[in-house]
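One chain, chain A, links the two complexes that follow: it is found with chain B in the first and with chain C in the second.
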Partner chain A sequence: MTRTARLLLFALSCLVLAPATLALAWHMPAFGAHPLPYGEAINAVATAERHVTNMVSAVNFDYRGIDTLGEESMLLCAVTGVSVLLRGARGESTRARPGRVHGQPLRPRSTAMTLIGRVAAPVVLLFGVYVALHAMSTPGGGFQGGVIIASGLLLAFLGDGYRTWRRIVPSHLMDAIEGGGALLFALSGLLGLLTGAAFLANVLPFGEPGSVTSGGLMIPINLGVAGAVAGGFAVLFGEFLEETRVELSDRPAGGDT
Partner chain B sequence: MIALLPWLVAVWLFGIGLYGIVTSRNFVHLIGCLSVVQASTYVLLLAVGYRGGAGAPIFYTHPPGTPAVDPVVQALVLTDIVIGAAVTALLLALALQLHKRRGTLDPDELRPLHR
Partner chain C sequence: MTLLIAMLLLLTALAGTGVVLSRTPRRQVMAMGINGLILSLLFMALQAPDVALSELAVGTAALPLLFVVVLASMRMDRTPRQDEDA
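After this line comes the complex of A and B, so read on.
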């Protein structure tokens, strides 16, 4: 399809769909007055039923747990896909030197950058662990905490460069954390089956509302999600970082089709 | 007007993202446009779950029963953002491989593989 034909088709479909969309927006309930049957039900019963104070985590890790397991698998598949695509062309070797744009020298990193990286990375890592662990009581959870942990790991690269990053974030360890997190989630679901209940049924003691140990089965599920997200994003960073390197054997870049 | 605004913003984000995808001359730009389309779903879901004058669905300091917004759509958006970032990375990896093999990122310069 040519560009003109594509644009014409787009304009035509806009002409057809725009009145319908506007009519739909006009007939939607007013902003802030939409009926919320499921949300209100969860808000009413979750604290009494599951002893947790963060309703979003209750939905994610308990009431809608099987759905989150599916999304967890999507994350695993996307990260696996990136690794296969990039490693397939490059190989798994990590013995590479920095690639550079032709004609531009490699500039040394400034000491201010290193200092900020070294000071900020542990603080960000600690904050990520804090957010991940307090999933059931205060805003946060494995998804948010995992991303913050991965950002803290990336700060180590910004501060100290590729070699240090490779040393403290070994790619095999990150692969294991990523897959192990998803595995922990799936195995937590099997725990319910062992006691004769349904898959992902919350069979552990619920604990005290508002404490770190509240939520029963949500605790291992949350840890699994935190591991899978943190490991997954660290793998993604690593794979894209490797793309900026060239092999030591001086193979011409991009010539391996 | 304020009652309509969130729905119109969602429609606008979807439309402008789709326009970007249709007219895109570069796959990296196209992936960015896809993220804009995805953002329209976040706006729509969060606007559906909003309740006038209500707080966050966290009952740590407030007792349960305090008016709160819908936690179900918030959980949907939360997982969606993380998965969306990972899928964007997958698409960028595809674009990277495409550039290595074909030397172009322009969708129009790609022809079906013969044989």
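After this line comes the complex of A and C, so read on.
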């Protein structure tokens, strides 16, 4: 498509879409003053009904838990898909050497980087666990905590390199944590069925509002989400980092051996 | 508070434009990470700490990292050396 044709198409679509966009913007509620019927309702009832103080977690893990189960399975499928696509001999052994960029020397890691990695990794990991555990009382939850935990694990790679990272983040363990987390979520849902209630019905005691043990069934669900997300992201990072390795026997496909 | 939100909105627009205007993949990844950081600050100012945490963890840490690794992997020289063929 030539430049003139592109500009013509752009002008034409502007002519059609601009009035609609303007009309829509004109009828939007003022900034920050939009009505939130569902949000208001949750804010009003959730603390009394479920003994939790973080409404986002109450919505995610309880009121629309089945939605979150779907999202969890989506993450599981995405990570499984990436693992299947990137699976291969490359980088899976710790003896694999780092890949080289043509014309660029491999520089050794600086001492400062190692120090930052070693100091920051435990702090970040601890913060991730804190965010994940306090899902029902403060902002955050299994998803955010899980991603922070996975980032903390990754600092081991930045600080100490690929071999150390593979040793302290074993991929089979991460696979198990990811799958086990998703399984824990699904099994938590079945608990309701055992007592004669609906799937994912919150049948456990709700606990004290504002404490770590509040929320009843949301606690195992949140732990499941944290495990699935932390494990999933760690597997994802692992699969991608393996691609930067070169096996000694790395040959193009269709070789004679 | 209003001034803070106005400034963050302006920064978001600038960072977003930066993502669109940067041409080399490495700069695009960096621009995207900065955009994510500013977005998470904006979410924080709009009193959505949950979303801010998610944006920070995914948009500023995980996603740029995956892109950087992919870029590094793509630039790698993987042609087998002759002396290894045996």
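In this section, the second predicted complex is superposed on the first by the 228 of 257 C-alpha atoms of A that agree within 3 Å, B and C clash if a C-alpha of one lies under 4 Å from a C-alpha of the other, contacts with A are read in each partner's own complex, and residues count from 1 in each chain.
Here, a contact is a pair of C-beta atoms (placed from the backbone, for glycine too) under 8 Å apart; a residue touches a chain by one contact, two chains touch by 3 or more.
Just so we're clear, the structure is a prediction, and the values are computed from it rather than from any experiment.
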- Message: If we overlay the two complexes on their shared chain A, which of chain B and chain C does A:205 touch? Say first, second, both or neither.
- Response: neither
- Considering only touches as defined above, state whether A:102 meets chain B (first), chain C (second), both or neither. second
- Message: With both complexes overlaid on chain A, does A:43 touch chain B (first), chain C (second), both or neither?
- Response: first
- Task: Considering only the touch criterion stated at the top, classify A:122 as touching first (chain B), second (chain C), both, or neither.
- Result: neither
- Message: Once chain A of both complexes is superposed, is A:144 in touch with chain B (first), chain C (second), both, or neither?
- Response: both
- Message: Going by the contact rule set out at the top, does A:81 touch chain B (first), chain C (second), both, or neither?
- Response: first
- Overlap the chain B and chain C contact sets on chain A and report the shared residues. 32, 54, 56, 139, 141, 143-144, 147, 233, 236, 240, 243
- Note on the structure: Residue positions on chain A within touch of chain B in the complex are 3, 6-7, 10, 14, 21-22, 24-26, 28, 30-34, 36, 38-40, 42-44, 46-48, 53-56, 58-60, 64, 68, 71, 74-75, 78-79, 81-82, 85-86, 89, 137-139, 141, 143-144, 146-147, 210, 229, 232-233, 236, 239-240, 243, 254, 256-257
- Task: Spell out the residues on chain B that touch chain A in their complex, using ranges where they run on.
- Result: 2-8, 11, 15, 18-19, 22-23, 47-53, 56-60, 64-65, 68-75, 78-83, 85-87, 89-90, 92-94, 96-97, 100-101, 103, 108
- Task: Spell out the part of chain C that touches chain A in their complex, as residue ranges.
- Result: 46, 49-50, 53-54, 57-58, 61-62, 65-66, 69-70, 72-73, 75-78, 80, 84
- Spell out the part of chain A that touches chain C in their complex, as residue ranges. 32, 54, 56, 99-102, 131, 139-141, 143-144, 147-148, 150-151, 154, 233, 236-237, 240-241, 243-244, 246, 248, 250-252
